[in-house]
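Notes for the one structure printed next.
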């Protein structure tokens, strides 16, 4: 009993979202291992080749195997965006709830700061961050986390504002509970649904920002790649209906839509 | 009561100004910290150390950062946004046209996207948890998740290249009639619409579901008021504030976040100006653009908050 | 090695010959040169009129009408519409007179320029020597930010010698000086011009509108001094940096001409009844291995890297065959000074592995391979190179840099980095700017005294055959010693609607060396969409 | 099932074998109402009696052909005034609702659109059914406002809902229902959310309207005393099935079914507090507490006062009751004692130590020994925490034994089975939630428990059980309770001492025994008289006594007695000087200008 409870709390998601997330994580980890070819290997003299038995998803704009690159791309997209989103949302949610809880100066200062950050277009912030600190995976993750934190902050602050007025917060405060406990144990569990839905949306944005950054030349370093850049670098293949461009775009859609629907479902059940 | 409202509004506006000042200062120092400067960017491949040094000196880039900030901020207070380091033209005159173009595109997109999003969101809320609702939810998610350059390119391939119905570019200079105006704007607007309608519809649905489950909506139904009438007369006045917030957030995206649509359709808007100015390290221009985006965002959200303040003032028991 | 005495003797001998050469340059080639592109054309006779819309690749805020600051293809194209140089370069990069009627020198150090008379600027003012002196002198002013500051600094004095005569004195003799003046940046502007929101040149078009990064509109200059030098009534030039969008604009008929067709779309464009012009140019993307720091100090390492380039594969997968094989020296096969006797470097991983092992770098961590979308194709090359290196057990990290700031921040600063060089006006310029020990853009920081000496010799060698021999030796030196790997020369591909006539390949670069505006004409009778 | 005599006219409302089903969240469909049948004759008023969850509101809504989101009418027939309700299309339903049948909702504050003026909403039924032109509708509405004895009937329609009191809104809603002169009016607990003093006014208005308009009615309520006043016949529901049906008199006086009997028994007032507290030193001593808002005047007093120099001793082991209508400051007092409402003057002593105004400045021991149980258990229990998690946190926080055993013990204390420990609050019934709420406070091992209207949201039977529990705990744990309520019955049954609060003043303070005997403060008497009784003639008697009065209200005098505007025995001095406090022979302290004789 002592064990089963916290475990259940730790995994607020039930069935579908958990399975889905596990599936993508599994794919992210094993993808590079099961890829038939190295991601940089030119395997065919035909570019934008259609689906064939040798190259299940055809070849890309340089004649590389799309399936292999897709597996590598999925891996880095999922891992990078997941880490960035989780970082952004945990920090944003914590601060948002704290601002709602503390009110007053803390709230004002934090909110003004976040409003300022959010008002700068995300692509610009990303560009500047990478231009200043160089392009590496930690910088990318941190930049994306910083860019999406204010949005998460805003959402959770709004959500928390209605919760902090509830009497159970009052009674916990009367007991003399610390802020950390109030935020994490009393308030957060009551907004997991909307927060998770928010996480899903932010994940979409992160995938998108990553691809835009990659396109502007500040994203992942070759031979690493992500789904957005795979779509983008093979965009010319669109005129030939090449799987090289369709496959990554579809993967993005399946990844993000599936995750969001699952998280939404969770939110509605709450 | 009105005095209290006025005070609340003044507080909100003041808070936004604080954010704006924060951004102004932050943007200056962040852009100053960017590697490279306009002298190097201008000379590009032809740069030699002494040429760079001379150009830097002539552009006063060799002054200390704080001195430059003081000069620039001083000008800003007098309403002078400075001169472009690249073109030597006043920044405001460079921004002027681009901003108008962006506002035009944003305006038209709003005109179509907002009603569409409100309609979709409202319908989803009315028929919540039905097949219709789930379908809309799925579709909007799909549209949001597909990168916009793909949507834009696909649209161009189909409508411009294959069908020859619409021009592939939205060139402002080619617009001479209503027809050409519609033709030029239809695809950029549709692409942008795809990006924001999904998000707006989802948020609208959430707001609507909340209101539709209130007991006064039930009461109106029990009075024999038809659903359409309930939405128009009873629900709308109550959701204006939250919906305005939804719209404000989407609109601020329409100014700053449309780089890709601008570049695919060759539309001279302010977002691409900003990316350009970052690339050429034209700091005064970068700062002006940043201030514009920030001000637009803050203006919209402040407006939304004020609308909320006014309507909640009307409602809350005091 | 030549001794000093020989040099002087030869110099004296050459001086007389060169005078003749110069004379012949200004005399015989003169009549046909100005509209050679048209006169050589077979088929229908060009006609005047029509509006043309062209889309180039790059465009930004930095777009400028100041010839000194023009640095991108779009700028060059625009500059060539509104301005004339003293000299223009033809399809084989041979200098031809433009605003200069003659260009003479006996010692190749002091050049006497006689201007064409009766040429007027767009504002009606006549062209005088003062304009030329002003136009050239301003490149020496560092605050102008001129792209040819370095070349201008080699001119010791520039002075007027009468209303239509200018005398330019160089620091050292340079027989290829006319080519220098052929650079677009050395276009002639009105004396005293400091504002460039409008273009006031002598060129075939007047500037009706100009918005940096967006578009420019050029109207035919009715008073253009060369009656056969311009055909279309108006020309709108826009820049679409998004590849797909640019192609779509051509395919949908929104524009008539686009620069830089992607090799992958050539077949599609042609299938749709549109034309693609293939221009072999000297543009190349290269790996520069710095020879003053890092592994580049080891000759074996450099040799190995050159052998590691799978040139055939790069040709087929990056350029889809639209390129010519490079041989680690900067002149393309079609160049008149190309050294055809050099053995071709080929992909040889085994030999590369052997050399790497011998140099001790096989199992060492190497500095990253710097590349950027700014250098056309360099990211793809880097990735392919990385993959081939992996196969022989060499671990190469690729670091892709943002396009903006690449040239100032990254290029030439890292031990292993990619660069991209457009065709220079002459072999001399290529050698002097990129390979001489004192060259400002010596990418591999290569120092070779013999090469420097050959360069000096060649500059005062009036005999073409002898000069070519010197050039051959210099190419050999670069091929074997310099830390430069040039896998391919890129063929420029430009797409256009078949009703646009007059486009012919030039070695100077895409769209007729950025100078298509003067040659194109609209064939309204052509509706069939056949190949021109 | 009532058998109608053959000569009787056909019933106006006929419900046959009605069944309703619904989902809870995304759970499976479960029955809400099964096989309910009843008839209502023309001009008759039928009461639907039941507790929460009995399906009474669902049945009432079903009469209008409406089922809430997630619910549906799954079977049976419904005939209302000649309409086959279940077989009407959407258009017919719109014409039917508001026209033939009107609905008066429980919470008028929520049932009015906050963004529209009241008049717009009141005349809406007339307009959407095209009964009369707008001008006429407005006149009709004003006439109804007058009938409903609303203050300033000509201008009240221009107000927004938040500008009216709950009682006024409830009457305006009745006007809105009656404007189309419907044949059937459904009253869905229309007075449950109101104070007793307001309730009586609303009931009076309803009674008058019934006489004048002559509609057929269905009155949904859980309050048997109200049934006695309003209804001719009654149907008792439990868990969606009919328990008993009969005339009001029979149901209230001679119920046949055990459930009805239990209901009637719970409604009878009786004393639960069998062990009066021994006299002892005060555990909590509240002295001259002054609470206000809106800045301070030059004299250092708040611009608006909520509590005006209230003093209150709570003895160890006793139950102290505070009664008053909404807005009298009783919750503020509780909050001040709990340390979450700052006060501007006065002091408090707890366990002999001064009690700081700010909870953060109180000692851990004080925090532990003083526990608050708030009104709404839904808000007090964290919906995301199980019962045992909630309790365990309190135990660990105060360093108590937090084992499963200890939790079981505490649950046992509030008479809850240990199996409930792993449930979430949403999986509990209202009574269970309130017990957990109590358990949460008890887990801290308090000396004094502050109870803020803890029975207000509960059904009668459940509330009675909670009161019983309170008294048992008082005995077992020798706890002190501070019990705030607006329910005089509840107060009487559990308290040792009672304080009557009016507009921030303590107008009467007495022992519970003294409360039974005169004299009393006029407000206390009014409270007493307003509590509905089971006698069917109770409302008629009151009406006969003083006729239908308009809301007596007005600004309280700046100095002087705040009850003056409403006081039936007010004199000129009342407006000028604050009332003196004197002790009645019964031992009660009364703040009034009148003498004991005058008030007897």
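Every chain is named by a letter (A, B, C and D) in the order it is written, and numbering of its residues begins at 1.
Just so it is clear, a contact is a pair of C-beta atoms (placed from the backbone, for glycine too) under 8 Å apart; a residue touches a chain by one contact, two chains touch by 3 or more.
For reference, the UniProt names are B = ABC transporter permease; D = ABC transporter.
Please read these numbers as outputs of a predicted model, since none were measured by experiment.
**Q** So which one's got more C-beta contacts, B-D or A-B?
**A** Counting C-beta pairs in contact for B-D and A-B gives the edge to A-B.
**Q** Measuring from the mean of all protein Cα atoms shown, which chain centre lies nearest?
**A** B
**Q** In whole angstrom, how far does the Cα centroid of chain B (ABC transporter permease) sit from the Cα centroid of chain D (ABC transporter)?
**A** So the centroids are 50 Å from each other.
**Q** Could you state the distance in Å from the CA-based centre of chain C to that of chain D (ABC transporter)?
**A** 90
**Q** Please work out the Cα centroid separation of chain A and chain B (ABC transporter permease), and write it as a whole number of Å.
**A** 22
**Q** State, to the nearest whole Å, the distance from the C-alpha centre of chain B (ABC transporter permease) to the C-alpha centre of chain C.
**A** 41
**Q** For chain A, what residues touch not just one other chain but two or more?
**A** In chain A, 127, 131, 216, 235, 238-239, 268 touch at least two other chains.
**Q** For chain B (ABC transporter permease), what residues touch not just one other chain but two or more?
**A** 35, 149, 153, 157, 161, 278
**Q** List, in ascending order, every residue of chain D (ABC transporter) touching at least 2 other chains.
**A** In chain D (ABC transporter), nothing touches at least two other chains.
**Q** Enumerate the contact residues on chain A facing chain B (ABC transporter permease) in the complex.
**A** Against chain B (ABC transporter permease), the touching part of chain A is residues 108, 111-113, 115-116, 118-124, 127-128, 131-132, 201, 204, 207-208, 211-212, 216, 228, 231-232, 235, 238-239, 245, 249, 252-253, 255-257, 260-261, 264, 268.
**Q** Please give the residue numbers of chain D (ABC transporter) that touch chain B (ABC transporter permease) in the complex, ascending.
**A** 61, 64, 66, 68-69, 93-99, 102-103, 105, 107, 110-116, 124-125, 128-129, 160, 162, 176
**Q** Where on chain B (ABC transporter permease) is chain D (ABC transporter) touching in the complex?
**A** Going through chain B (ABC transporter permease), the ones touching chain D (ABC transporter) are 128, 213-216, 218-226, 229, 233-234, 237-238, 311, 314-318.
**Q** In the complex of these two chains, what residues of chain C are touching chain A?
**A** By the definition above, chain C touches chain A via 243-244, 247, 262, 264-265, 268, 313, 316-318, 320, 372-374, 379-380, 382-384, 386-387, 390, 397-405.
**Q** Using the touch rule from the top, collect the residues of chain B (ABC transporter permease) that touch chain C in their complex.
**A** 35-36, 39-48, 50-55, 57-58, 84, 86-87, 89, 94, 97, 149, 153, 156-157, 160-161, 164, 167-169, 171, 173, 263-266, 268, 272-273, 276-282, 285
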